[in-house]
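Next come two complexes, and both contain subunit A; in the first it sits with subunit B, in the second with subunit C.
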Partner chain A sequence: MRDSLAVVATLAWRNLWRNHRRTVVMLLAIAVGVWAMIFMSALMRGMTDAMVRNGLHTLPGEVQVHHVDYRRDPSVVNSMQPPSGSLLRALQAPPVIAWAGRVRVPAVLASERGNRGVTLLGIDPVAEAQLDSLPQTMVQGRFLQSADDRGVVIGASLASRLETRLGKRVVIMSQDPDNNVVDRGARIVGIYRARLAGTEDRFVYAGRAVIQDMLNMDEQLSEVAITADDYRNVDAWYPAIAAAADAGLEVLPWTELDIFLGTMLGVQDGFALIFMVVVFLALSFGLVNTLVMAVFERVREIGLMQALGMRPALIVLQILLESLYLLCLGLLLGNLLALLTIRPLESGIDISSVAQGMEMMGMGTTLYPVLALQDMGMSTAVVVVLGLLASLGPAWRAARLDPVAALNKT
Partner chain B sequence: MSVTWLLAWRNLWRHSRRTWLTVGAMVFCNILLVFLISLQLGSYQMMIDGTLSAFTGHIQIQQKDYLDEQRMRQSVPAVIELAAQARATLGVNTVAARGEAFALASSEQRSAGILLTGVQPGYEPGVSTFPGMVRQGRYLQDPDAREIVVGSVLARNLKVGLGDELTFLGSGRDGSFAAAVAVVVGIVDSGIDDLDRSVAQVPLRWFQEVFAMGDHGHSVVIRLPNLEQVPAAVGGLQSVLPAAGELAVLDWDALQPGLRQAITSDMASAWFTYAVLILLVAFSVLNTQLMSVLERTREFGVMLALGMSPARLARLVAMETALMSVLGLVLGVLLGAVLTGYLSFAGFTYPGMDEMAAKFNMPARMYPQISLLSLLWGPATVFLGALLAAVYPALRLFRLQPVAAMRAV
Partner chain C sequence: MSTISCKNLCKTFRQGEEVITGLDQVCLDIEEGSFVCLSGPSGSGKTTLLNAMGGLDSPDSGEITVGEQRLDQLSKAELADMRLNNIGFVFQAYNLIPVLSARENVEFVMQVQGVPARQRRELALQVLAEVGLTGLEQRLPAEMSGGQQQRVAVARAIANQPALVLADEPTANLDTHSAAQLMDLFVTLNQERGITFVISTHDTRVMGYARRLVSMRDGRIVGDEQQEPHTMAV
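Up next, the complex of A and B:
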């Protein structure tokens, strides 16, 4: 049995190269197909990753804690007490890497020349730095130094719209919990640039303690952002935090905080799979064709093998092996090709010509393809499994040949 | 039908299974292409319409720097008269003047910074879909009334209902302090949170008074029956602009540059898919025709020996490919048209579609748009690709030596 298997394996390999032109053409087709599958997935993965990362940047922390009503009504009225007791213990234990409490309320920022509605973030810069939620690029001045910093940091785009600049004073207006309009003058100590202009227009940073004092909200916070630095597996650890939080608080992962981002991940994986299957189907016609021809040419030979006593199962195996060799070689070539083309592109593809279109989808000006093992594995699985399924037909027909009729065929 | 055509046709059916498999690859690819291209064109139309109909319109007249800087004093003088002139010049009624200002809006319980838009109650419903989405109360009517229509999310955040008062604090065009009170008369609910959070509209004349605008506004918005009329209208509108050169006519592409780019980038990834599919079909055809040429080496040797020229044999192979491709083309277009036609009538959706659609203010069902272009473009390219793929097998015929070929096994 062992021997016959070895013989069949050798036979299949040699048969593959009997008509080398046909094999090479098919091999090229499979390689191009596999390359396309992986290349497309890498681009799509790069796009979604960028979207999610940019999204998480404006929504820092993979998990956030709010007052139950805050998300529906993001007002100073719906604030929460700083974490204490079991929630605080949960926040200080692994897998949580960092967390920060912040005040996040709608406000109006007025300069001498104009005013704008903004989102005012009262933050503790030290805690936020660990969350990686601060603007990466300061174009002028400095960032806030502590929660007691009395200055404000605004985006470059906002500064231009308000016709103000570094060192100028602006007025922040918002409301306190009793709906009194409160305002406060502050000096612009820094101007930042963000990947998306929309972000620059929207977020204004100020010291948390200063804002809490201005809004008469004592030690209270609007939200607590938490990170474990693994946004894809957030569902594994956030329930523990949710369990530790008091009633009256809402603990949600980013997939629910921003439903668009959350669904994008699933949609991307789904699209990648559909794309792979479609490419494979286009490929499968050629594959089946090749095998049908291979069987057709060898009808007499197969008849002879059967007459000599080779079992139909071994004939099926032989054809399937031939197909498997072809598929594996094609996969190898295709993966290699993908590796060679994607690696140099990983430093980023400049897509600034369509930057504003990408910004609508939440992306920056550079697309970084991501070669994921998962995509290579998925394409291999699709090609091998569906490929063998498609080869079953011709193999089955070969095994069912009538030896006598086959031998007599001219 | 000449003998060569007949010969080509019969040759095809010597291996009917192989021919059908190759034709099958073409048909599969053609159906897919017809469907995808129809879908693509349909969704672009929906993206453009959805984004522009909500608020932006097809064309706007603004002060030339307002789009980039959005400063209050970059305004359009005599905006209401300008809108009337535009209406007369273009011969359409869907033209409306607007003014915009940021203000701190306060209700009894809440305050929030909002972008207040002054609109012409009589003309605004012609250029934007918001007035039609008033779910409670009514849209603005009186051009001078102290009334406001707000989005449902904004109303919820400010905790106001119909009949409640909103106070505004802001600054006027001249930098003066602006304050006013308006009564909520209508609440707009588009179902898209981002939009419902941002809508706050008041009558333009009252807006001009509160924000010390005089007769100024910030834009004249024009909506046209369809996109094709935009370039002509942009040209026509140049004549109504005052000579000072302060104003600019902006088409939708300038107003929403993201839209065309989103389409361009989507097209790029779509072309990649199409190219791969067509390439794979071409490989399939190449393989088939190469096999069919190789297995007929002896037959071709005999034909050469009988005096047929290699060119004629090459033509025979080309004809076989052409016949096969025509079969694939006809079947593919027919089946593709049936499938796409059905879906363009019934529509379809996929998971995640809702969230995507909301970004572009689109309905959550897709309707592919079938047209001559979307029907024929893909299959025609497949046809050409198949013919090109047969070039290599056909060229091999020129290297055949009759005697050697007749002896080939």
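Up next, the complex of A and C:
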């Protein structure tokens, strides 16, 4: 059997190069197709990553711990005690890189000209900095310096709507655990710029201790946000946090906290697969044509091999191997081409000329293509599996040739 | 014991509306070690009979036995195995595999049979030497003359030491000198190795080599005689 396979492999390889030009053209077509599959996937993956990262930046945290009723009613009533015991130990162990407790409640911010409903974030800026969750761009003033900072930081869009500015005093109003309206005045110490105007309108930052004091909630928190090294693998590590949390707490990964963001990764993989299949379908016409021509030109030879005693299964194998060689060479070239073209672009492609539209999708002005092994593997699997399936027709046809008729073909 | 036994073989072909008789109640026994020529004009049925003996074509009715095997009862795969292990073929148009060298063409059948690499290489070189192609082992078919290609085909046919060689018009594309050399080679192989040869031809010079001459016409055997063989005058 091994010898039969060896002769079939030799024949397949040599036959592949009988018509150099046709083989090279097909090889280039497969290589460009594979390159297109991987390149487009890299762009899509870069785009999705940017959207997810920006989304997580706003969320923020890859895993959050809340009181079980907090998501249904995000008020101060549904607060939780600061982490302690087994939960604290889990938060201090790898793969957790950083965590921060925060107060996050609905509030009203009033200036002398107007008022708006906002989400009030009482934070510890030192802990939040490790989560990379603070506004990236301060356009005026400074950010909060500690959990005891008595100032507030608001978005540029909110400042504009409230017709207020840096240094002005505003009033924060919310409810305490007894449903009493509580308020306090604070000075605007900084104005930030976010990618989306909606973010600027929504989030107001204040010192956590100051807000806890205002809301009469002692050291209680609305949520604990946690980050590790890879948001894609959150499902691997968040169950350990959930297991360490008390019964009255809910531990959820970002994929469940933000369903839209959570589905993005799956959608991206789905789109990539569809795109790869579509590209390959176009390629498959060329591949099948090449093999049909190869079989057509070698009818006598195939008849001869059958006459000499080669079983039909070996004829099928020979044609499939010929196809596999072609596909593998095309894949090798395509992957190499993708590697050579995507690697230099991983430092970022400036898309500022079209970025206004992209901002609406939660993206920045620079697109970072991501060359993922997964995409290379997926394109390889698509090309090999579909390629061999497409080759079955010509191979089957070759194996079913009548040796006498084939030998008499002129 | 007969190497080949045909009983009442019938075979028809359709050509448009017309039904052509390929074989009509053909009965023939060929003994082991024979040197038989099937003669007759084009369309007499000699190639059809040869194909039936080689398991390349199946008769519409009748029995055909090669050795102990009833060919008309074998599946396609079993027929392939039978051809691989028992029969050597030589065709009119050389029919070598163009991407394989002379040695590789000779090794081909043995490789499919699973003969170890070293053994088949030695056998191939030995047989190529036997047919007078020493020094041309690495040549591709396109780099050889018609006579040389036919010798490679003969070497391939006998390399795995079959009991039976079926040759369909083996000299049709050869000049007189090459044809004489080839027929001399067949006679030598028949005498020295005891290989049974069945050769279809309408060349009277080739018929002269046979010890038994079977004449066919319109799918029927019309003559079957033993004769004193003589070589071709070149």
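Basically, the second predicted complex is superposed on the first by the 353 of 410 C-alpha atoms of A that agree within 3 Å, B and C clash if a C-alpha of one lies under 4 Å from a C-alpha of the other, contacts with A are read in each partner's own complex, and residues count from 1 in each chain.
Please note the rule applied: contacts are C-beta pairs under 8 Å (C-beta built on N, C-alpha and C of every residue); 3 or more make two chains touch, one makes a residue touch a chain.
Worth saying up front: this structure is predicted, and the values here are computed from it rather than measured.
Legend: residue contacts after superposition of the two complexes on their common chain; A:43 is shown touching subunit B, with no touch to subunit C.
By the touch criterion defined above, A:3 lies against subunit C but remains apart from subunit B after alignment on the C-alpha atoms of chain A.
In the superposed model, A:373 makes contact with neither subunit B nor subunit C. After superposition on the shared chain, subunit A has more residues touched by B, the comparison being subunit B against subunit C.
Applying the stated contact rule after C-alpha superposition, one finds that A:259 touches subunit B and leaves subunit C untouched.
With both structures placed on the common chain, the touch criterion links A:247 to neither subunit B nor subunit C. Contacts of A:173 after superposition: subunit B is touched, whereas subunit C is not reached.
Chain contact summary for the complex, subunit B toward subunit A: residues 15, 17-18, 21-22, 24-25, 28-29, 32, 69-72, 102-104, 106, 108-115, 156-157, 159, 169-171, 175, 257-265, 269, 272-273, 276-277, 279-281, 283-284, 286-288, 290-291, 294-295, 350-352, 354-356, 358-360.
Considering their complex, residues 19, 21-22, 25-26, 28-29, 32-33, 36, 40, 43-44, 72-75, 77, 106-110, 112-118, 160-161, 163, 173-175, 179, 181, 259-260, 263-264, 266-267, 270, 275, 278-279, 281-283, 285-286, 288-290, 292-293, 296-297, 351, 353-361 of subunit A touch subunit B.
Remark: subunit A residues 1-4, 6-7, 10-11, 14-15, 18, 300-301, 304-314, 403-404, 407 touch subunit C in the complex. Considering their complex, residues 51, 54, 56-57, 76-77, 80-85, 89, 91, 93, 95, 97-100, 104, 108-109, 111-117, 156 of subunit C touch subunit A.
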